[in-house]
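As written, the chains take the letters A, B and C, and residue 1 is the first residue of each chain.
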C-alpha cells in the first residue's frame, strides 16, 4: 500500500443523473440587427460604412452586424475622450467619479443575467461560467475601483494622483465583458477617459456596456467603444492623442504594439500569453488537485491566458493522478453553452479551432500520447474534445506554445529543483500552480517560480483586489488590486 | 628633489567582479572641456556586453536570495567606500573641468543617495507589496520581486550622481545590472567600480562598461536575457531605437522623465518599483 | 481486546502483520484533503440543474433511498408503528410512491419495527454500539449489536470510537469496528464516523478508509446528534474514499449521509454528487441511503408540485 493510493477504476463511470437539457432562456436579451460605434455617448455610424458579422460559435448563426471603425472614427472617438478628459470627467470631483463607478457596478449586477446570456451567445462560453464568474466579477471590479477613485492619494504615498489622459484599450475575446471591467474600471477611477476596442468575434457585451454607461448618466466621451479588427486596433494604438495604451491579448500582437509605440512616449501596459506550469507533488491533496487541473485547463475551453497548460507531475504520483484525471474527464459535459449543465462550451472561432487542431496534430506527430474521453460533439458550431497528452517533453511544441484551447500537456519530474527548472523554462511568466501539503515547500516554490500569479493548492482564482499580470514575455503592468491603479497614474508603470 | 614618474591608472571594464580590458583590445580618449585627452578608457564592445550580461545573469539569483538587511548593509558599505575615496572621485570628476565645489556636490550627493537606498533594501517590499483582502477563504499576498538583469544606459551629463541614482534602485531589490557608463565622462564610473569591488558587492551584481554607446545600446536593448532597460538617463532621441529593440522580448523600458532631469531629486521608492515584478500568491485557508 | 480482524486490511497489507504500527502507518499514508477545494467542488456540483423528468426520477430514487429515522428518548412502540406505516406507504393518496429503504430505530424498539414491517420490503435498521456516544466497553457494544440482530434488525448503524480515533489509537478503532462487523453476522453494517466530531476532512478520509478496511458495508456521516451532521463536502470526501477503496479492493461500499438533510432540493444535490463521483452503479438504495426524518415529506411535496403544477402545503402530507 503506497501512500498515494494508486487508483484503478475498472467499472466506475461518472455519469450525472441523465440531466435533461436545461437551457437558459435568451428572452432576457435583445440583440440589435446592427451596431454602430459608440462615440461621445451615442451610436455613431462608421466612416467606413462597413459592418461585419458576429456569430454564435455554438451554432454558427449570425447574431448581429457590427460597425468596422476606421481612422476617422478613431479620430472622433479620441476627440470625444479628450473632450471628456478636459471637461466633465476630468474636472469632476473624485468622490463623484466614485459614485458613477458604484452605479455602474450596481447596474451590471442588476442586469447580470442579460449580460451573461449575451456573453455566452457571442463567445461560446458555458452559461454557468458567464453567470457565476464573468458577470459577478465584472460588477465586483467596478465596485472595488469605485472605492479607490476618491482615495488615490493613499494608494501610492508620494506618487501623486495625476491621471494620464486618454487611454486606448484593446481587449481579447476570451472574457469580453470581464476585460471591459478590468480595463475601464481602474482607468476611470484614476480619472482617465477611455477608447476601448473589443475583439472582433465578441463585441456585443462591450456595446451593451456602452449603453449601460449612458443609462448610468456617465458623461459622454468618458467611455467610447470602437469595434473592428486588428486594423482598427492599430489605428487606436497609433493615434497621436492617445496617452496610454493597455492591451490584453497574444504575446505576438503585444510585441507588435510595443514596436509601434517605440519612441512615441506613450505609456504601455501589456497582459499577454502564457504557458503556465501546474506542478503536482506526491503529497498533494489529489482530488482537489484534480479539480485544480481540470479548472486550470478546461475553464472557458482553455481560452485563458493563465491556463495551467503544462502539467508537471512528480513521478511517484503519476499513475495515481492520471487514473483520477482520466476518470474526471469522463464527467465533463461538452456542448450547448446555454445549457446550465454544460462544463465545456464552444471554441470561440473557426480560426481558433484550426489553431488548436493543428497543434494537437503536431503533438501526435511529435510522439506524445493522446487521451480524449468519449464525447459526443454537436454537429454545428466549433468544438474540441477535452484532450490530455502524456509522454510530453519540454522540447515538444505542445509543451512550449500557447494552444489556448482545452489541451493539457503532461510531463513528469523527480525533485523540487527539477520542477522549478522545468516550470521556468519558458519565455512566459504569467502564472503557475503548485500542489503540496508541505507549507515550507509551497513558500520555497513560490519564491522561485517566475510568474506573476502563483496559485498554491488552488488554481484560476481571481479577485478585483488581487493583482494579476505577468513576468517576462507575459507582459508588464498589473490589473486588479492597488497595483492595478499604477498603469493609470502619472509616474506609475 | 628627485623627480618621480607618476604611475598612471589604466581604466578598464568591470565585469563579473574583475577588471578586464575590452576584448577588442581598444581604448578611446575621453576629452575634457578643453578638448584635451583626460583619460584613455577601455572601448567596450558588444562582445564585452555579452560577457557582462552573462556575469549579471549568473549573479542574479544569489544576489536576490540575500536578505534585504544584507543588501542594505552592502549598499551602505558602498557609500562608505565612496566616502573614503571622495578625493579620488573628486579628481575623477574634475578631470573634465568641473570646479571643486561642483565635484564635491556630485560626490556628496552620490554618497547620500547610496545611503538613502541602502535603507530601502529591507523596506521596499513592505511599501510596494501588501496583503489583498479577497472574497473567499484565501491568503493572498502581493510582493515585489526583482525583474532580473537590468541594463542601465547611464546619463552622459552626471557621471557619478546620475549613475548612482539609477544603479542603487536597480540593485537594491535584488536585480543585477549591466551599466553603459557615460561615454564622454567615463572615469567616475570606473572609480565607482573600484569602490564596488571593495565593498562586498558580489562579482557580477554590477557590471560597468565604458566605450562607444552606439555600439552597445542596440545589443543591450535587444538582448533576450536582459529583462529591463533603464533609459532614464538616456537622450529622448535615443528612445525609438531602444524601444524598438526592446519590443522583441516584451521587455520593460524605463524612459527619461517628461520633466527636466534633476538628479538632486531623483530618488523614490517608485524607482525601485519600476524594476520589480509584483508576484501574487494565493493559498486556501482551511482545515 | 478482541483479536478478530477483518480480512480486508489484510488483503491490502498482504506482506505485513496487522499491528498498531502498521495500522497507524496506513492511516498516515492516506491522501490529504484540502478543505477549501472540497467545498468548492461540492458547491460547483450544486449548480447542476435537474429539471422535469430527471427531477422526478431523482425524487423517486431519493424516497427509495430513505432510512426513515426516529431516535428519541421518547420513542414508543406506538410511534414506531406509525412511522412504519409511513415507511411502507409514504403517500397514502398516491400508490405510485415507493416505500422507503428502511426504518431506523433504537435496539429496544427493533421488535416493534419488525412486527410492523412484516411482509413489507422495508428493512429494519437499528443503531447500536452505545449510540450516539459509543462510550461503552466493547463487550457491551457487541452484546447490543447481537441483541438487535437477533431481534430482527437487518442493518446495524454503529458509531466508531471517536475517542480512540482522536487519541491516535487507530488500531483500536479498526479492531472494534471489525469485531462489530463480525457480531453483525449477515446484517449489513453501516459505520457512523460522526464527522462533526472528527473535525477535519483529513480525519474523515482516514476514518472512512479505516472503517472500510474493517469491513463496513456502508459508511455514514453522522448520528444526527452532533452538529454539523451531513454536509455535501464531507459526503464528497467519503464518496471519493469509497471510490479509491473500490479501485484498490474491488469491494463496493455504500454511503449514507445522515442528519440535517430535510429538503428535496438538497437531496438531489447529493444524488448529483453521487452520480458524478461513483457513477450509476451507486444510484441504488443498496449503495446509498439518506438518514432523515423530515426529508420524506418534502420529497413528496416536490413530486406533487411537478405533477400538479401548484405549490404545496405541508398540511396535505401526513406526519407520523
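Here are a few things to note about the model shown:
To be clear about the criterion, contacts are C-beta pairs under 8 Å (C-beta built on N, C-alpha and C of every residue); 3 or more make two chains touch, one makes a residue touch a chain.
Owing to the predicted nature of the structure, the values given are computational and were not obtained by experimental measurement.
With centres taken as mean CA coordinates, the chain nearest to the overall protein centre is A. Set against the Cα centre of chain A, the chain with the most distant centre is C.
Note: centroid distance chain B to chain C, computed from Cα atoms, is 69 Å. Taking the mean of the C-alpha atoms as each chain's centre, chain A and chain B sit 37 Å apart. Chain centres here are Cα averages; for chain A and chain C they lie 43 Å apart. Chain contacts: chain A has residues 457-458 touching two or more partner chains.
Looking at chain C, residues 34, 36-37 sit in touch with two or more other chains. The multi-chain contact residues of chain B, meaning those touching 2 or more other chains, are 136, 138, 284. Chain B meets chain C in the complex at residues 136-138, 284-287. Of all residues in chain A, those touching chain C in their complex are 1-20, 22, 128, 132, 283-289, 291-292, 323, 331, 340-341, 437, 457-458. For chain C in complex with chain B, the residues that touch the partner chain are 34-37, 39, 199-202. For chain C in complex with chain A, the residues that touch the partner chain are 12-13, 26, 28-34, 36-38, 40-41, 44, 47-54, 57-58, 240, 243-244, 246-248, 250, 268, 271-272, 275-281, 283. Against chain B, in their complex, chain A makes its touches with residues 140, 156-159, 251, 254-256, 258-259, 261-263, 265, 270, 272, 427, 429, 442, 446, 451-458, 461, 463, 465-469, 471-476, 478, 481-483, 486, 491-493.
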